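What follows is a short report on a single structure.
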Amino acid sequence: MLNGGSSSGKTTVARCLQTILPEAWIALGIDDLVDALPTSLQDSGAGIVFGPHGEVTPGEGFRELEAAWMTGVAAMARAGARIIVDDVFLGGAASQERTRMQLAGLEVLWVGVRCDPEIAEGREIARGDRVIGMAAAQAESVHEGVVYDVEVDTGAAEPLECARAIAAHVS
Amino acid sequence: MLNGGSSSGKTTVARCLQTILPEAWIALGIDDLVDALPTSLQDSGAGIVFGPHGEVTPGEGFRELEAAWMTGVAAMARAGARIIVDDVFLGGAASQERTRMQLAGLEVLWVGVRCDPEIAEGREIARGDRVIGMAAAQAESVHEGVVYDVEVDTGAAEPLECARAIAAHVS
Amino acid sequence: MLNGGSSSGKTTVARCLQTILPEAWIALGIDDLVDALPTSLQDSGAGIVFGPHGEVTPGEGFRELEAAWMTGVAAMARAGARIIVDDVFLGGAASQERTRMQLAGLEVLWVGVRCDPEIAEGREIARGDRVIGMAAAQAESVHEGVVYDVEVDTGAAEPLECARAIAAHVS
Amino acid sequence: MLNGGSSSGKTTVARCLQTILPEAWIALGIDDLVDALPTSLQDSGAGIVFGPHGEVTPGEGFRELEAAWMTGVAAMARAGARIIVDDVFLGGAASQERTRMQLAGLEVLWVGVRCDPEIAEGREIARGDRVIGMAAAQAESVHEGVVYDVEVDTGAAEPLECARAIAAHVS
């Protein structure tokens, strides 16, 4: 379970993990859920709202679908699939607690993907397809009170190096 | 559950359904699973092999991940999410039977998405990113022995019309 | 030179043409220019504005870049490249006249890609990534006063068939 | 004119440049030309061949189209457009010489985008959509004998910083 702010490099680290881990791991992310929603919910009060300065406000409808989605991802893992999830704990410790309950009975490696806010914002600008401000707004708040097994810093090391540090904890 | 061959228009019909259905439906497809696999499995004997003439041969490793994935999708639905799945029943009736067991206890609308093989092949050529031959090879075989609640023909009607015909059966 | 409204199927027809023509043709479109612009110009008064109901208003800055772009495309053709361009003549006959001057000295096949406005709007909904209204707004206006060598109707024939009809006029 | 090996970060640097430069710059790259080719030429002897270990061998047909394309890009610039091109000088100094002639009369800032081969290879793995080996094979060879106005190192600085260093030379 990779947790990190927008543009912190989670997805790239996940792809590197898939490449270097000897077994086949499926990579899923909260962005995949957003892409699977009806366009009407991708930026609306009922779904998920992206504010002009990078605020992300999930509506009640989105929260329910998100909970169902994570329940399903947990079921995939219980059915035997190895899964790398990349997520954004908008609620910090509370999000981790909720996720921990959804993943009950599963072996989970909690990974913090950190990145200096300024570097994350630079990458957000470089991507060109994100609302500017999300990276800086989330860079530290998503880690508040969250407890990790491993932490990596994508501002200090290349994604592949970060993946190697994580892989060392995967049995 | 939309079943149809490659390039039959399933994904487009699913997107239209999301637009016209009054409730929020998540759209997931077997292509999403393939995209979530490690690159090494996307075209290999252990994973799924795409032959030069459009043959698709899922390996044992892929079949296991696919079963876990469908189990998870079913769990999402049991947790309350409305889901449109687009799938390719490579094994025809046997695939439907296996899927039926995975979806036990859920309300399922079985939808056949048909398309004249020649038209599907034309669309495959037009997409430019698929192995030529998949569309023709699958156009009829994926429907063999499969029982549907509704059938649509994307060669005879536009995707939005097909979606309207399906939506009329969704309560 | 393929001219047609948004979601009329120009790009798909262009891809089919590339597949069936015996020589190597480069496919370029006005959408490529929009993608190559800075994000800040992709939806702004200085660049190109996409209104809430599908209106497209190119600003002065965009018009200048567009003219430079078409001049360059013409230069590629003069240098010996075979090129399929897909464009949207927002100004109808006036756009054709301007384009004709930019392409002076080149052999041009003018192709109208038509599509019933209702069908184009259905496809726009199906794509899910376009402002709804562009297809209907442009379906007929872009053809006003434009003179063609060939016309195809993507609502009445599959893209590959349309491409075959066009290819018959390419020497 | 940005020159650098595959996965050296040219495109990301170009996007950052578009964001920070006060004027509107169009970003074009040799990858756009490859995407505009018929699928049949994207990996064939007549077009451009991508070998199993990252070798890139442009055929005669591709070279001709590439020359026509660069002639067109130069014409866009002569017509007044500001253009950022990202290219891969497979032939090192000889490629620069050929490009210099094509851009005759234009004001060109020659920029070397360097990246440690090992870091570039890590990024290539992280992308997951490139033949492994291209990054390492090209990392140094594309710079052989090439003369630059500015050089940046994307392994040592973030893309946005590299863009700022380049922008300081753009009048």
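All chains are identified by letter, namely A, B, C and D, in their written order; residue positions are counted from 1 within each chain.
Here is the rule we use: a contact is a pair of C-beta atoms (placed from the backbone, for glycine too) under 8 Å apart; a residue touches a chain by one contact, two chains touch by 3 or more.
Being a predicted model, the structure only gives us computed values, none of them experimental.
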| item | value |
| --- | --- |
| Shared interface numbering between subunit D and subunit C [over half = same, under half = different] | same |
| Most distant chain from subunit C by Cα centroid | A |
| Whole-Å gap separating subunit A and subunit D, where each centre is the average of the chain's CA atoms | 32 |
| Distance from the mean Cα position of subunit D to that of subunit B, given in whole angstrom | 39 |
| Centroid distance [mean C-alpha coordinates] between subunit D and subunit C, Å | 27 |
| Sites on subunit B at which at least two other chains make contact | 18-19, 39, 128 |
| Complex contact set, residues of subunit A against subunit B | 18-19, 21, 24-28, 32-33, 36-41, 46-47, 61, 64-65, 67-69, 71-77, 79-81 |
| Contact set on subunit C toward subunit B in their complex | 12-13, 15-16, 18-19, 119, 122-123, 125-128, 158-161 |
